[in-house]
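The two complexes that follow have subunit A in common; it is paired with subunit B in the first and with subunit C in the second.
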Partner chain A sequence: MRSAFAYTPRRGPLQVASPGAAVAYLGALVAVAFLYSSPLVLAAVGVAGGLAGYLAGAGRAVRAALWLGLAIALPIVVVNALVVDRGATVLARLGEWPLFGQVNVTAEAIADGVVFGLRAVVVMIAFAVYSACVDPDRVLRALRPVAGRSALTATLVSRLVPVTAADAGRLRDAGRLRGPAAAPLGRAALLRRLLAGSLDRAVDAAATLELRGYSLEPPRHRFVEGFSPSSWGKSFTERGTGGPRRLGGTASRFDGRFYMAGAIVLVAAIVAKSLGADGFDAYPTVELGTEPATLALSALIVLSGLAPWRRHA
Partner chain B sequence: MTRRRSTAVATALFAAAFATAGCGFGPGEDVGEVSLTVTRDYGAESVVALRSDTVSESDTVMRMLERGADIATRYGGGFVQSIDGLEADERFGHSSDWFFYVDGVESTVGAADYPLHGGEAIWWDYRDWSAAMRVPAVVGSWPEPFAHGYDGKRRPVAVECIGAGAACEAVRGVLAGVGADVEPESGVDARSDSAPEAIRVLVGPWARLRRDPAAAQIEAGPQASGVFADFEGGGPGTRLVGLGLDGKPALTFGPGSGLVAATRRYDAPPTWLVTGVDETGVEAAAELLDPADLHNRYAVATEGGEETPLPVR
Partner chain C sequence: MPELASPPRAAPALAIEGLSYAYPEARNRHSPHQREVNVGCALRDVSLMLAPGEFALLAGRSACGKTTLLRAACGLVPHFHGGEIEGSVHVAGIDAIAGGPGDLAAAVGYVAQDPEAQVVSTTVAAEIQLPLEMRGEPPTARARAVEEVALALAIPHLLDRTVDTLSGGELQRVALAAALVTRPQLVLLDEPTSQLDPVAGDELIWLLRRLNEEWGVTILLTEHRLERCLAAADRVIAMDSGSISFDGPPKDFLSWAQQADVALETPAARLFSLAGIEPLPVGVRDARTILRER
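Then we have the complex of A and B:
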C-alpha cells in the first residue's frame, strides 16, 4: 500500500506545473502560517492548503496530514497548558509538580497552545500537498545546477519516506498472514525492523551513488555556450552542456497561475500585516482581532486554495 | 466487573490525591487583600488610583494588575509593555519602562511569576531608567516591608542606632506602631546582632552611617544604590545633595536636613536609612516615617519641615 504522502503522477495543474511554481504557491502559504498568529488567518491557510490538495487529487494526503498534525498539536496544547503559568483566567490548579513548580492551567495558555498546534497542522497540510503533488525527480533536476548534493539528499529523503511506509505495510501484511493464532506484531518490533531495513537501504543507495560517480566533482558547464531556445524543456542529460533553465525544467501553462497566486498571497499578507492585521494576543487575556484587514486576508487566502482548480477533467 | 471496579478505585484515588494536593478548579480560595497603585515618573503622577482587591491562591502580580488596569504584555505574557496605553519607550538615548515593587522591594522575577499571598502592597511605576537601571528598594510602600515582610515571609526588623540618640527611640516606636517585629535593642551605638533575614534600619548621622557597606553604596551613585541622593563634605560641614532624574546634583540641602531612603546590597534584605547631615537632620528624617510623607516616593529629603521627593524634578 502506497504512503498517502507519496508522489502520485496525475494530470492536474499542480502536478503539471514546474516545481518552482508549486513551491512558490505552497511556500507562500507556509510563509503566511509563520508570519501570522491569528487563528483566523491560520485556519484560512489550512483551508486553502486542504482545498488545493483536494482539487489536485491529494485528498488522502490532506486527511493523513490532518490526523498526523492533530496528533502533534495535541501534545503541544497539553505541554503549553502545563508549562506556561500565564494568563488571567485560571481554570485549574494542579498543585506543586517537580521541575514545573506550581502548575496552574489557564485558558490563555491553552489558547496559545492551540495556535501553536494549528500552525503545525497547516504547515503539515502544505507539506503533504507538496509531497503528494510535486515530482521529486523534477525537483532534483531543477536544483541540481544550484546545489546538486543538497538536492540529491532532499530527493533521497523524500523518496525514502514512502519506501519506508511501504515496507511497514508489507511487514504488517506478513505479520497478519502468520495466522490468527500468532502473537500480534508489536510496534517496537516493527520499528526495529524498519530501522534496520532503512539502514540497509541507505547503504545500498550510497554504494549505487558512488558507483555512478556522484562522489566526484560535478562537471563545470558554461552557461552561454550550448544554450539555445530549443533546449528549453529538455532534460539535463539531453542538453548535454547544461545552461540556464527554468526551475523545474519543463515549463507549464499553469506556472503563471501558481506564481501569481503565491505572490498575491505573500504580498497581501505583508501589506495586511503593516496595516495592523493579525490582531491576536493570548496574554494576559485572549483577544482575537477581527479587523477588516485580517478578514480580507483570510478570505483571499481561502480563495487562493482554488489555484489548482481545473475547469475540464 | 473486576476491571470496572479497578477503574472506579483508581478514579477515586486520583480524585482524593487531586483534592489533598491543593488542586482544584478555578482560581482557588481568597487569601486576603492586596493594594495596587500605578504611577509614572518616580511616583510623581498617578496613572491608576490606589485600589485594594481580594486575591486568590493562584493570583500573581500580573493577574492582579490585569484586573485593575488595561494592559498589554510582551515576551509571551511575562512582562508588561503598557498600562492604560502608557507604553515602554526608547528614544534619544532614554529608555522608559514599567517597574514594579512588592512591599517596597524590586522584584527579581517577572510579574507573571510573582505569586501573591495576601497583604502585599504592589506599586507599578513607569520611569526613565537611564540614570539608574536598578532601584532595588523604595520607601513609598510604607509601612511595608515592615508590617508584613516581603517575598511572602514576615521578617524581623533590626534597628541599628549609630549615634542617633532620641531619633532612634522615635524610629523604634513608629516601627512597633505599624506592627513590625522589632528585634530587641543590643546596645547604644552598636550594631544589633540581627538575624540574616532581618530588614535593617540604620539610624544616625551620615558621617557615622557611611561606614556601613550597604549605606556606603549611596556614595557610588544611583546606579549602585538606586538612591538619588549624595552627601558632600565631611564633619560639621556635611551637606545633603538631591540628585535629578539624570543622576546629577540638582538641589543642595544645608544643616538640619535629613533623608529617608532604602537600598539593598546583593540579595540581602533591604536596608533603610534614616539619616541626616547632623543630629537635627536625623530627627527630621525620623519624623518622615508616615504614609503622608512617604507614599509613592522612592526616597525623601527634608529641610526646615519641608519634604522633597527624590529624585528632584
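Then we have the complex of A and C:
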C-alpha cells in the first residue's frame, strides 16, 4: 500500500506550481507556527495547511499527519505537565517522584504543553502537504545547481518516505507470518529496524545518484562533452538537437498565487506581531489574547488555505 | 621510409590489474599483524580484462567478492565505501580509482541487486532521463534517448507510471534502462534476476544478450542461477575468497566446476555427469543437441 505521504502526481495548482512557490507558501505557514504561541494563530495555521492539503487532493496525507502529530503531541503535553510545576492552578498533587521531586500538575503547564503539541501538529501537516504535493524530481532539478547537498537531502527524504512505508508493511507481514506462538513484533523493534533499514536505503539511493552522475558539475553553463563512447556515435547534442539549457522546473501560472499567499501571510504575521498580536501567556495563569490583530491574522491565515483552490470546468 | 600507421586500438572496456581491497569494517576487525598478511580482504590480487562487446558472467559462492568487484568497476569502491585499495582499475580508459563514480558515469552503467533501492525519481520517465539531465542534455535529446531505450527494453507503456506502482520485474527493467540511457561502454549487473520469476529472469538475460549483440555494449553480470545465463555468456569468471579461480569459456567452466567447486555446477551439467554423458551442456538447446547426437 502506498504511503499517505508519498508524492502523487496530479494537475492541481499546488502540484503544478514550481517547488519554490509551494515551499514559499508552506514555509510561510511553518514560519508563523514558530513565530507565534497563540493557540488561535497556531490552530489557524493548522486549518490553513489542512485546507490547502484537501484542496490539493492530499486529504489522506493531512489525516495521517494529524494522527501522527497527535501521537507526538500527547507525550509532549504529558511530559510538560509532569516536569513543569509553574502555574497557579494546581490540578493534582502527585507527591514526591524519583528524579522529578515534588510533582504538581497545573492547568497552566498543561496549556503550555498543548501549545507545544499544537505547533508539532501544524508543522507535521505542512510537511505532509509538501511531501504529498511537491514533486521531489523537480526539487532536485531546481536545487541541484544552487545547493547540491540540500537537493540530495531533499531527494533522499522524499524517496525514503514510500520506501520506508513499504518496508514497514513487509516487516509487519513477516511478523504476522511467524505464527501466533511467536512474540509479537513491537513498535519499538519495528521502528529500530526501520531506522537501520532506512539508513541503508539512503546509502543505496545516494550511491545510485552518484552513479547517475550527480557529482558532475551542475549543467547550467556546461556544454555536454564526452557523452558518447565511440561505438555509439555522436552525442545527442552533437547530433544537432540543440544546445545546453538551464535546468530546473519551468514556471507555472499558479506560482504567483503561492508566492503572494506566502508573502501576505508572513508580512501580516510580522506586522501583527509588532502591533502586539500573539497575546498568550501560560504562566502564572493562562491568558489568551483575542485582540483584533490576532483574530484578523488568524482569519487571513485560514483564508490563505484556499490558495490551491481551482474552479472546476 | 615512412612508418606504417597502425589502426587505433580501442581501450578495454574494463582493465583490472592486481586489485586488492578491504572494507573499512573488515580492517578494523583484525589486528595490525593480520592486516599485513592480507586478512579481511574482499578482493585479493584480482587481474581481469574485458574487451569491448564481451558478455561475461561472474560466478561464485556468496561473499566471494563478486559484488565488491562490480563496485570497484563502477568506482563505488573505494570512493563511496571507503577502505583500503591497491592495484588499478580502468573503465574505457578512465582511471576508476583516481576518479570516482561521477567521472565514470558516462562509461559505465550499474544495476544493483535490489531494484527498489536504486530508483530515486517519482516517475519512470524521470528516472530514466535523470543521468542525461545530470549531464546537461537538452530536453529534446533526453526525450529521444528515453524513447529509444524504452523501446529497446519494451517498456514504453511504463513511462508515465510512478515507480512505486511497478512490479519487481518492471522496476528491474527501469533500472536497466536508466543504466543504459547514457549508452555506456560497460554495464555491470549484480544478480539482476534474483527478484524475478523464472520466465522474467530468462527474458532479462536474453534481452541483455540482444543489447550486447546489437549495441555492442560490454556486459559483466553476476548470477547465482548459472543455468539461466551460461548459454548467453561468452566467458565465465569464477571467484573464490576474493580471488579469480577460473576464467574461460562456459564449456570449460562446467568441466572445471565439476572438479573444483561442485556448488557452481548447473543442474543439467550435474545430471549429465551423473549419467556419464559428455560433453556437459551449457544450456537447454545444447543439452538437446548433445542428446540428439548420441
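Everything that follows uses one rule, which is that the second predicted complex is superposed on the first by the 236 of 313 C-alpha atoms of A that agree within 3 Å, B and C clash if a C-alpha of one lies under 4 Å from a C-alpha of the other, contacts with A are read in each partner's own complex, and residues count from 1 in each chain.
In the analysis below, a residue touches a chain if its C-beta (ideal position, glycine included) is under 8 Å from a C-beta of that chain, and two chains touch if they have at least 3 such contacts.
It should be emphasised that the depicted structure is a prediction, and the values quoted were computed from it without experimental measurement.
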With both complexes overlaid on chain A, does A:Tyr36 touch subunit B (first), subunit C (second), both or neither? neither
For the overlaid complexes, name the partner, subunit B or subunit C, with more touching residues on subunit A. C
Name the contact category of A:Leu94: first (subunit B only), second (subunit C only), both, or neither. first
Going by the contact rule set out at the top, does A:Asp85 touch subunit B (first), subunit C (second), both, or neither? first
Which of subunit B and subunit C A:Ala166 touches, first, second, both or neither: second
Let me test your reading of the model: by the given contact rule, A:Pro284 touches which partner, first (subunit B), second (subunit C), both or neither? first
Figure out whether A:Ala6 sits in contact with subunit B (first) or subunit C (second), or with both, or with neither. second
First, second, both or neither for A:Thr208, with subunit B first and subunit C second: second
Would you mind writing out the residues of subunit A in touch with subunit C in their complex? 2, 6-9, 135-137, 141, 155, 159, 162-163, 166, 200-201, 204-216, 219-220, 222-224, 226-232, 235-237, 239, 241-245, 247
Subunit A to subunit B touching residues, read off their complex: 84-88, 90-96, 102, 104, 108, 112, 281-285
Across the complex, what residues on subunit C touch subunit A? 10, 52-53, 74-76, 79-80, 92, 100-102, 104-110, 112, 114, 116-123, 126, 130-142, 144-145, 162, 164, 178, 182-185, 215-216
Subunit A partner, complex, touching residues on subunit B are 21-28, 56-58, 60, 62-63, 66-67, 71-73, 76-78, 112-113, 115
